[in-house]
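Below, each structure is written out as C-alpha cells.
After this come two complexes, each holding subunit A, first together with subunit B and then together with subunit C.
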Partner chain A sequence: MTPLVLLDLVLGAVVLGLVAATLWSGSRARMTMLFIGFGGVVALVWMRLGAPDVALAEAAVGAALTGALILRAQGSVPAPLPERSRPWIIRGLVAGLSVAVFGALAWALISLDWKARPGLERVVEARLPESGVTNPVTAVLLNFRAYDTLLEMAVLLIATAAVWCLGRSSETPQLPPDDPLNLALLRPLVPLLCIVAGYLLWLGAFAPGGAFQAGAVLSGALLLLLVAGLPRAPGQMDTLRLRATIAAALLVFLGVAAATAMSEATLLQYPPHRAKDLILVIEAALTLSVAYTFLVLFQGGRPPPREVRA
Partner chain B sequence: MTVSLGYALLGAAILALSIYPLVLARDLLRRIVAANAFGTGIFLILVALGFRGEGATPDPTTHGLVLTGIIVAVSATGLALALVARMHAAGARLEDV
Partner chain C sequence: MNWAEILATSLFAAGCFFFVGGAAGLLRFPDVLTRLHALTKADNLGLGLIALGAATLADNAWGGLKVLLIWLVVMLTSATCGYLLADQAHTSDLEKPK
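Moving on to the complex of A and B:
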C-alpha cells in the first residue's frame, strides 16, 4: 500500500467519523468544536485534491468563521429540552430517504465514465494569458466567470441587509478587560492579521489566495477588536462609512461591469492590457466588504448607532 | 480515477449522513450545522469531479464554484442564525418547531 493510499483512507475515515460525531454529539459546545475540527480536516482533503485556494477558504471561512458564528449564537438561543423521540415511522422514513439519496448518488457516480468526463481546465489554460492573472482560480472567479462573482456579492449584500434589518445586535461577550494577556496578544496579532490579509490579496493573482481568503483574515482582526471591547475600533458603530464599506464590493463591481459594457460592448469583458488593474481594484473592494460583512453577520444584527457612548 | 471516485463517494456519504439531523433535529442550531455539512458533501463531489490525478492540473472552474459556494453558505448561515435568535427573542420555543 503506497503512503498516498494510506493518507486517503485515513482522511476519509477521519472526515466520516468527525461528521457523524458532530451531528450526533450530546451537547452544543461539543457539536461546535467538532464542526470546527471537521472544517480543518476538510481543508486537508482540499489540499489532497489539488485545490489550495479552496483549502484556504475552507480553513478561514468554512471552519473558523462559521464556527465563530455558531458559537456566538449559542448564547442567544437557549438549548431545547431533552429530545423527545419522534414516531418510529417518521424516523424510518427519513433514514430511508438518507439511504436512498446515498444509493442514487453512488450509482450515478460509479456509472460515470471517469476517464472521459468533460472539463474546462484546457480552455482555461489556453486563455489564461488574456486574463491578466496567472492563478487559474482567480482568473475563473474574477474574469472568465466574473458574472457569477458579481451575483455572489449581491447575495452576500442581501443576506447582510436582512440580518441588519432583523434588529440590533445583542451585547457581544467580551474578554475580561484587565487581563494583561489580552493586550499582549492583540498588539502583535491585529497588525499581523492585517499584513497577512494584504499579502493574500496580492498573492491571489499568481498563487493560491485571493479576496475572499484575505477578507476572512481581515475580519478575524476586526472580530478580535470586537471581543476585546474596544468600542472605537472600526466597524462597531452604525455609520455611513460602515454601510458604504459593506456595499463597496457590489458598487465597484457594477461600476466595472457598466464601464466594460459601454467600452467593450460585452458585460465584464476586460480589455486585456487593463485586466490586471481592474481585477486588483475589484479584489481590494471585495476584501474590505467581505471583512465588514462578516463582522455584521457575527454580531447578528446592526451595530449600535454612533451617539450611544457608554 | 479511483481517487476521484473515492472522494466523490465520501462527499455523497457526508451529504446522506446530514439529511437525518437536517430534517429531524429539534435544536435549530444543529439543523444549521447539518445544512453546512450537507453543503460540504456537495463541494466534495464537485472538487472530486475536477480532480485529474496526481500531478495533473485540476479543473479550476470547479474550485471557483466551490469557493463561491463556501461564501454563499456562510452568508446563509449568518442569516439563519439571526432568524433563529430573532424567533427566540419574539417568544418562540424551540420545542414548537
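Moving on to the complex of A and C:
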C-alpha cells in the first residue's frame, strides 16, 4: 500500500467521522465548529481528487463563509426545541430524502463506466485557445457555459432579495469596539485580503482561482470590518451604492449578453480577440457582487436605510 | 532523495510533532486559557516548521516566499484570535477549570 493511498483512506475516514460527530454532537455550537472542520477536510479531499478549483471554493465558501453564516444565524434562531418535540414525520422525511440522494449518487457512481468518460474534456481542450483564458475551469464557467454562471448570479440576487424581504437585519454581534489588538490585526490584514482577492481574480485566467474564490476572500475582509464594530464599515446601510454593487455582476453579465447577442448573433458568444477582456470585466463584477452578497446575507436581513444627517 | 528533500522531511516531522503537542494540550489541559496557550503556541511553531519545509521544496523563491507569507498571516490571526477568545473567556468567567 503506498503512503498516498493511506492518506486517502485516512482522509475518507476523517470525513465520515466528522459527519457522524456533527450529527450526534447534540450541541449547536459544537455542530457548527465540526461543520467548519468538515469543510476544511473536504477541501483536502478535493485537492487529492485533483480539483484545486473546487478545493479553493470549498475552503473559502463551504467552510469559512457558510460557517460564518451558520454562526451568525445561531443568535437569531430561538433555542432548540427539546429532542422529542420535533415531529417524527419531518425527521423521517429528512432521513428518507438523504438516504435516497445518497443511494442515487452511489448507484450513479457504481454504474458509471470509468473508461468511457463523456468526451467533454477533449472538446474543452480543443476549443481552449478561443476562450481567452488557459484555465479550463474558468473557460467553462465564464465562456463555454457562461449562461450557467449568469443564472447563478440571478439566483444569488434573488436569494438576497428574499432575505431582505424577511425583515430588518438584527444587530450584528460585534467585538468590543476600539480593541487595540483587533485593530492592529485589521490594519495589515484587510488590505492584504483585498490584494489576495485581486490576485485570485487575476490568477483564475491561467491557474486555479477565479471570481467566486476572490469574492469569498473579499467578503472575509468586509466581514472583519463589520464585526469589528467600525462605524464606517461597508454594508451597514441600505444605500443605492450597496444595491448597485450587489446587482453589478448580473447587470454586467446581461450587458455583455445583450451586446454579444446583437454583434455575434449568439448569446454570450464572445469574439475571440475580446474574450479575455470580457471575461476579466465580468469576473471583476462577479467578485464585488459575491463579496457584498455574502456580507448582506451575513446580516440576515435588510440593513437600515441611510440616516438623515442633521 | 536529495538534501533538500531530507531537510524538508525532517522539518515536516518536527512540525507534526508540535501539532500533536498542541492537540494533546487542547484535549488535556484543564481550562480555556491553558488550552489557548497550547493551541496558539504549538500551532504557530508547527505551521512555521511545515511552511519552512514546504518553502525548501518550492520551485522558485517566489513560491517559497508565498508559503512563508501564509505562515506570517496565520501567526497574526491566531495570536489575535487567541487574545480575543481569552479576553471573552476572562470577562464571561469561563476561565475556571471545570
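Assume the second predicted complex is superposed on the first by the 279 of 310 C-alpha atoms of A that agree within 3 Å, B and C clash if a C-alpha of one lies under 4 Å from a C-alpha of the other, contacts with A are read in each partner's own complex, and residues count from 1 in each chain.
Operating definition for what follows: contacts are C-beta pairs under 8 Å (C-beta built on N, C-alpha and C of every residue); 3 or more make two chains touch, one makes a residue touch a chain.
Quantities reported herein were computed from a predicted structural model and do not represent experimental measurements.
Partners subunit B and subunit C fit side by side in the overlay (superposition on subunit A). Contact with neither subunit B nor subunit C is seen for A:Tyr270 once the two complexes are overlaid on the shared chain. In the superposition on chain A, A:Phe253 contacts neither subunit B nor subunit C.
Note on subunit A: of its two partners subunit C and subunit B, the one contacting more of its residues is B. Looking at the shared chain after the overlay, A:Leu175 reaches subunit C, while subunit B stays out of its contact range. Looking at the shared chain after the overlay, A:Tyr292 reaches neither subunit B nor subunit C.
Once the two complexes are laid over each other on the shared chain, residue contacts for A:Leu189 go to subunit C alone; subunit B is not touched. The minimum CA-CA separation between subunit B and subunit C in the overlaid arrangement is 18 Å, rounded to the whole angstrom. Against subunit A, in their complex, subunit B makes its touches with residues 1, 3-10, 12-21, 23-24, 26-30, 32-34, 36-37, 40, 43-45, 47-52, 54, 57-61, 63-68, 70-79, 81-86, 88-89, 93-95.
The touching residues of subunit A, when paired with subunit C in their complex, are 175-176, 179, 181-182, 184-185, 188-189, 192.
Of all the residues in subunit A, the ones that touch subunit B in their complex are 4, 8, 12, 15-16, 19-20, 22-24, 28, 31-32, 35, 38-39, 42, 45-46, 48-51, 53-54, 57-58, 61-62, 65-66, 69-70, 72-74, 76-81, 83-84, 86, 90-91, 94-95, 97-99, 101-102, 105-106, 109-110, 112, 114-115, 117, 119-121, 124-125, 136-137, 139-141, 144-145, 148-149, 152, 155-156, 159-160, 162-163, 166-167, 170, 210, 212, 290, 293-294, 297-298, 300-301.
Those residues of subunit C that touch subunit A in the complex are listed here as 73, 76-77, 80, 83-84, 87.
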